[in-house]
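The same chain A turns up in both complexes below, where it pairs with chain B and then with chain C.
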Partner chain A sequence: MPRRLLGLLLVMPALAVIALLFILPLVMSAVGAFQLNGGWGLGNFAKAFDLYLNDILFSVGIVSLSTALIGFGAIAIGGYLTLGAHPVAVTILRWLYRWPMFIPFIVVGQILRTFLAKNGMMNNTAISLGLMTPIDAMSFLDWRGIVIAFVWKQTPFVALLVAGAMASVNREGIEAAVNLGASRLRVLVEIIVPQVTATLAVGLILSFVTMMSVLSVPLMINAQSPTMLTADIAFRVNAYGDYGVANALGLISLVLASSVAWIYLRISLKERA
Partner chain B sequence: MSGSGYLELNGIASRYGATQVLKDINLSIRAGEFVALLGSSGCGKTTLLRTLAGFNAPSSGSVHIGARDITHLPPDKRGMALVFQSYALWPHMTVDENIAYGLKLKGVPRADIAAKVSAMQSLLGLQGLGGRKPQALSGGQRQRVALGRALVIDPEILLLDEPLSNLDARIRLTVRHELRALQQRLGITAIHVTHDREEAMVMADRIVILDAGRIAQQGRPEEVYNRPASPFVAAFMGAENLLKLDGFVVGDRFVLSPGAVHAAGGVPLDGRSLASGAVEARFRPEAARILATLDTATPEDGMTFRGEVLAVTYPGGHWRHVVRTGAHEILADAPRACQPGERVAVHVGADALFLFNLAEPASASSLPASRA
Partner chain C sequence: MAGLRLNLSVLWWLPRGLIFGLMAFFIFGPLFNMALWTVTEKWYFPHALPLEYGFSAWARVFAPRGGALQSLGNSLTVAVLTVIVSLAFAIPAGYALARLKLPLRSLILLAFLIPQAFPNLTVYVNVARLFYEIHLNGTIAGVVLVHVSHGLVYAVWIATAAFSAIDVELEQAARSLGAGAMRTFRDITLPLAAPGLMASAIFVFLESLDEFTGSYFVGAPDVNMLPLLLYTAGSGGNYQVASITALLLLVPSLIFMLIVERFLKADVLSRVGR
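What follows is the complex of A and B.
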């Protein structure tokens, strides 16, 4: 048997899995987005924008805000792990910060649902400490809850990448700045962060795409309007069996995710160049 | 030594966990002096420099600049600038930005920063490179940018942590002289850490040799080279040939007893605190002179060994011979090559023969004759 054919045969199972389980469903659903009763057209998109424009904007807003907060959180954690002067605090943080990564989104949703509700643990604790009265208690189970859940779950992942990159920044470069009189904050902002921007960007982009695809958190925390696109897709399919609009919404999500994935590709191409 | 200098280190000790890295370092450095801290890896020289810079706190002792106690001041309040071994340039900043950063931190007006950065680039020959990133510079240029970044803030003391070790050999020779000339021109006090003996010799006013966290000897380059105070210093300064001899003090001379492979010899005491008994003799290959064995007219001072040439190589400028003398093998240089198997005599003059008592190493300080 020719070697080339043997190589192709070896690769076939993997290719088949990708083609059947990934590419085919993607193409089917992309095609389905343009399929109308008895023809082709942009009707599903028109309906999707008509019904769910607010949710599209809401999703982009929530995920963008969460991405920004995750970025700040990851820089703060990575910065403290790199520059922290208190070894015990650094050790505790290093041990603690990764835990949310191992908790599934649906569990995060459940934890925060009980924590952020009007009569949840957060308000009860504040009331029992005398920080506020029961009448002032309010529920965070809205857009704020989703942002908190996303930030809580995704910050450790980005922090892990960023802290690794920061640890490989030349220590002498940090000391050179300290030697010239830079404060720790300036060292972080002016010396360390500019040297880890590629890693930070990659972490944030992967987080952005992940958050765009999470269904459990908006369903558990924010079962109201406006909500996120994933909840709308589930609703179109489950309540109406309306695969056309669901597919159109899916394609819109894909375009949003792809736009940041394009940035990711540009960064990796630049790194390889 | 302590008490009269500009920069004073008094009883500095430092430890990493249970390991004592520096022990009772006392050093006094004059304003404008170029001091080389010389030692092998792990001797504590970089720790001492980092302690001076404020990156390591000493476990005891104090550091003063003039009357000012700087022992516990943060690195930027000491009036010192450190040039790192890796140069530690910031890769995301241009040459201009790297040099200007210290001035920016001090809140110097932008116009003044530009003027100072430009003047520093002229001084260091970096004109036209201001817009480049460090990755686009050669090793020598990076080294000069690191130097410029340190000097532009006008430090009282310049600390150099093996700044030439990453340069290739040819550039290193040039940069040595450039750095020394620059230090003299600016009149700045400089402390230079290095493990390269020759580098320390050609650059420094004074060499401080460190061994296992202590100062083994300090002095002008010619002093530590010609009058090593201990076997360690002698070996570190290149006197790697080692022979065990016996001798006794007669008046102002130390007479070396004849042995199986050597005739009697002797050296003037001239300040050597040698006691009668076994001694360790050290000398450099280039200090040895190869004579024909039949040549009996050996010089009066020094020592002559008989031996057989085992091998000969040409490292450049002279021939280097491996000579077996008794149970030992020594290296000896000569302007012409002797053949392996040839019987020769190797003579070492009194001024190049470093003797140290074996029994009491602590008191065996020995200085060779009269050349200082």
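What follows is the complex of A and C.
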């Protein structure tokens, strides 16, 4: 048997799993979005925009804000790990920042719900430190809670990728700039970050897609309106068995996620040209 | 002058300590809060700490009718089966991707990333519909299949890296001493790749244990799993049970992540995704 054929035979079963259990349902959802009672059309999308336009904008806003904060945090952590002057401080940070990465989203939702609640530990600590009075205590379990949960969970992942890329940036250029008197912040922004944009973009796009598809965090932290599209999709299916509108909402979130990837591809192609 | 510089460098620990302290508070605060809830008997506003401590929630969770034992059993069964099925697919695929010349090799590798790179909620909704037709909805097998599709990227990518990190000459030596292809694979290649395969098994196990969305649509309400128990307890306002379940999910994640570096050596890690 030729080696190529043997290789394909060995890979085929695994590929078939992806094709049958992911690509087929993905196509079904894209087709189902245009399926109406006894025909085809854009009715599901009209209904989706009619009922959930606020939630679509809300989702885009939340995920964009979270992505920006994650990027900022990842650069700050990676930058300190690369340029930090004090080895002990760098070691502390390296040990500290990774923990949330290992914690499942469903657990993140639960523990932040108790932490950020009106009588949660965050407010209680601020009160006992005298930073605020019990009357000022307010719940963060709205859009802020979702953003905090996303940033809490995803920043370590992107920081890990970015720190790895920063570690492989040529040290000579950095040292030359430092010797010429450039501040470390300037070295980070002007020399290091431009060299790790590809890694940063990959990490942020993966985070963007992940946040667009997480159901547990919005369900646990804030399921009232306005909420994330994922909660709406689950609601459409569970409460009404309305697969048409659910699929339309799914296609909308797919388009949103892939447009981010597309923008990234455009920028990176332009840079290479 | 030297004394002044020393003082200045010590002063730097003020902002550092403040920032690290805040980070530690926001990272470990929620975890500590969860740990407190697991041993709370009574705790209400505006008290900063529980009023009474005790283990009655643990007794309730682990009572025969508490549901936790059944959920834990289901979760572990599904996770172990997911690992077995994923590796059964990933070992041949990984070997082929590492050793045999395949057309479109990088595209094939990328195909396994698809389930992670698209929003997967609607996919699971439609999988549930498909499974309903063929009576797989609400069965362990159905949940395992969904978890396999999601975990294959770790299994295949790490297995490929593990096989390509093995020196080809070792296999060639075995072949030239008269061992057949299968025997070489079983006695030489597989044992050498074992640590990497173990690492991929750990990743798949954790993915499966923590997976919520797929289990929610395909498994519930017939197959109860730990994440679903956590969700129901949490939305019912039962923070003790929810926190104990969260702890049960958290401990394996933390243990496995601490030991995974033992199995995932740099020579394998640098080849992941290539």
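Before moving on, here are some points about what is shown:
One rule holds for everything that comes next: the second predicted complex is superposed on the first by the 252 of 273 C-alpha atoms of A that agree within 3 Å, B and C clash if a C-alpha of one lies under 4 Å from a C-alpha of the other, contacts with A are read in each partner's own complex, and residues count from 1 in each chain.
Keep in mind that, in the parts below, a contact is a pair of C-beta atoms (placed from the backbone, for glycine too) under 8 Å apart; a residue touches a chain by one contact, two chains touch by 3 or more.
Just so we're clear, the structure is a prediction, and the values are computed from it rather than from any experiment.
With chain A as the common reference, the superposed partners chain B and chain C fit together side by side. Of the two partner chains placed around the shared chain by superposition, chain B is the only one that A:Arg186 touches, whereas chain C remains out of contact. In the superposition on chain A, A:Ser139 contacts neither chain B nor chain C. When chain B and chain C are set side by side, the one touching more residues of chain A is C. Legend: residue contacts after superposition of the two complexes on their common chain; A:Phe105 is shown touching chain C, with no touch to chain B.
Applying the stated contact rule after C-alpha superposition, one finds that A:Gln35 touches neither chain B nor chain C. Centres of mass aside, this uses C-alpha centres: at chain A, the angle toward chain B and chain C in the superposed model is 90 degrees, to the nearest 10.
Contact with chain B, but none with chain C, is seen for A:Gly173 once the two complexes are overlaid on the shared chain. After superposing both complexes on chain A, the closest C-alpha pair between chain B and chain C lies 8 Å apart. With the contact threshold set out at the top, not one residue of chain A is in contact with chain B in one structure and with chain C in the other.
Of all residues in chain A, those touching chain C in their complex are 3-4, 6-8, 10-11, 13-15, 17-18, 21-26, 28-29, 32, 85-86, 89, 92-93, 96-97, 99-100, 102-107, 109-115, 118-122, 124-125, 127-128, 134, 137, 152, 206, 209-210, 212-216, 219-220, 230, 233-234, 237, 243, 246-247, 249-251, 253-254, 257-258.
Interface residues of chain C, counted against chain A in their complex, comprise 9, 12-13, 16, 20, 23-34, 37, 44-46, 48, 89-90, 92-93, 95-97, 100-103, 108, 111-112, 114-127, 129-130, 145-146, 148-149, 152, 156, 209-210, 212-213, 216-217, 227, 230-231, 234-235, 239, 242-243, 246, 249-250, 253-254, 257.
Those residues of chain A that touch chain B in the shared complex are 170, 172-173, 175-182, 186, 190-191, 194-195. Taken in their complex, chain B has these residues touching chain A: 53-55, 74-76, 80-82, 84-86, 88-92, 101-102, 105-106, 149, 153.
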